[in-house]
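Please go over the structures that come below.
In the two assemblies presented below, chain A is common to both, partnered first by chain B and then by chain C.
Presenting the complex of A and B:
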């Protein structure tokens, strides 16, 4: 595995744990104390911050070439996937809230930064996941491990 | 100009004009719903012009022209990444404007959300086509 794959694994694992923990916590708190206090469970999303340590934990690969054309192509495709997923989520949340609440409904303005944060987390997660899948596909088609 | 360049120009002016019309429509409708007829009068000729421009952009320079060569693909890829990066910035700016307008503890009508969504989408499309035009222009200068 090269450095970018190791970083992607760390991001996928930390964000996956963060989202699952937050979802479980919010559900448990909802049944115990109800909304809006149950939203305190979303504090578990902070676990995804550990993914930011990836560049520090994983040092540069040995050898003269750190990032070749294949890596650039894979990263470019992963970036597009990440941004596409985040925009789809952003659009779904905007239109979904509008449809559920109705034309004459109102929402708390603090929902907007939450939507932006969710779109950002989705972008990073899908980017990392795409890198892992694309490197995996490349390995399968070549028939050997890099 | 090849087909992609023509599409980029049509797309740029189309999305830019759509953004301006969209913002104008939003402000006029806030003032009074009676402006709906005025907006329909503006929208119909705009759509007709846009349709004609799209038909023009689909025509090839010659039958031998490929649909999309490697340079077109590379330019398109770079333009997509730039437009998506701009999208993040636009969403952040639009959220900040709304929060500054209403205050941190305020509330907003839900109809603001589709307005933000569509507005940001139109501006992102404008950015995409503008990036393509700039990259094609840079390539032309480099070739002499």
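Presenting the complex of A and C:
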């Protein structure tokens, strides 16, 4: 497993925990104190910030080459997947609200940054997940030395 | 029609004093993971990388790689 894979694992795990705990917190707060104060549970999303420590936690791989043409190809595909997923989610949420509320409907302005943040988290999560899937496809991490 | 690129890298490494994957990777300027992926057919290398690998074994690209239709 190379450094990029380790970093991707950390991002997937921290973001998974962050989103899950935020969803649980918002649900619990909703039943206890109701909206809009229940949105305070989304503060658990800050856990995903630990993913930013990945470059510090994982040192460079041994050997003279750190990043080659295959890594570039995998990263490019992962970036495309991340952008596509976040754009689709952003578009779906925007159009979904429009379809549910109707042409003259209104929404709380607090929803807008939440949609923006959700799109960003989705982009990073799908990017990291794509890297793990694309590297794992050919099982290179378990290859032989000779 | 499915096309598959096969290669003789593994055999050529053994024929060249049992060259390790890491040694080949260092010579052509890629990571060992990439050499493993190419050997297993999981990654199709660029033309430049393919030529570099062939040069290491003193062979032509056609002797190292073969396109099967």
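The definition used in the following text is that the second predicted complex is superposed on the first by the 138 of 146 C-alpha atoms of A that agree within 3 Å, B and C clash if a C-alpha of one lies under 4 Å from a C-alpha of the other, contacts with A are read in each partner's own complex, and residues count from 1 in each chain.
Following the convention adopted for this analysis, a contact is a pair of C-beta atoms (placed from the backbone, for glycine too) under 8 Å apart; a residue touches a chain by one contact, two chains touch by 3 or more.
Just so we're clear, the structure is a prediction, and the values are computed from it rather than from any experiment.
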Touching partner for A:56 - first (chain B), second (chain C), both, neither: neither
Residue contacts with chain A in the superposition, chain B compared against chain C: B
Which of chain B and chain C A:2 touches, first, second, both or neither: second
Contacts of A:120 with chain B and chain C, given as first, second, both or neither: first
Touched partner set for A:65, first chain B, second chain C, both or neither: second
Which superposed partner A:80 touches (first chain B, second chain C, both, neither): first
Residues on chain A engaged by chain B in the complex (per definition of touch): 76, 79-80, 83-84, 86-87, 90-91, 93-95, 97-98, 101-110, 112-113, 115-116, 119-120, 123
Footprint of chain A on chain C - complex, ascending: 13-14, 18, 20-22, 25-26, 29-34, 36-37, 39-40, 42-43, 45-46, 49
Residues of chain A defined as touching chain C within the complex: 2, 61, 63-66, 68-71, 135, 137-141, 143-146
Residues of chain B defined as touching chain A within the complex: 77, 80-81, 84-85, 87-88, 91-92, 95, 98-99, 102-111, 113-114, 116-117, 121
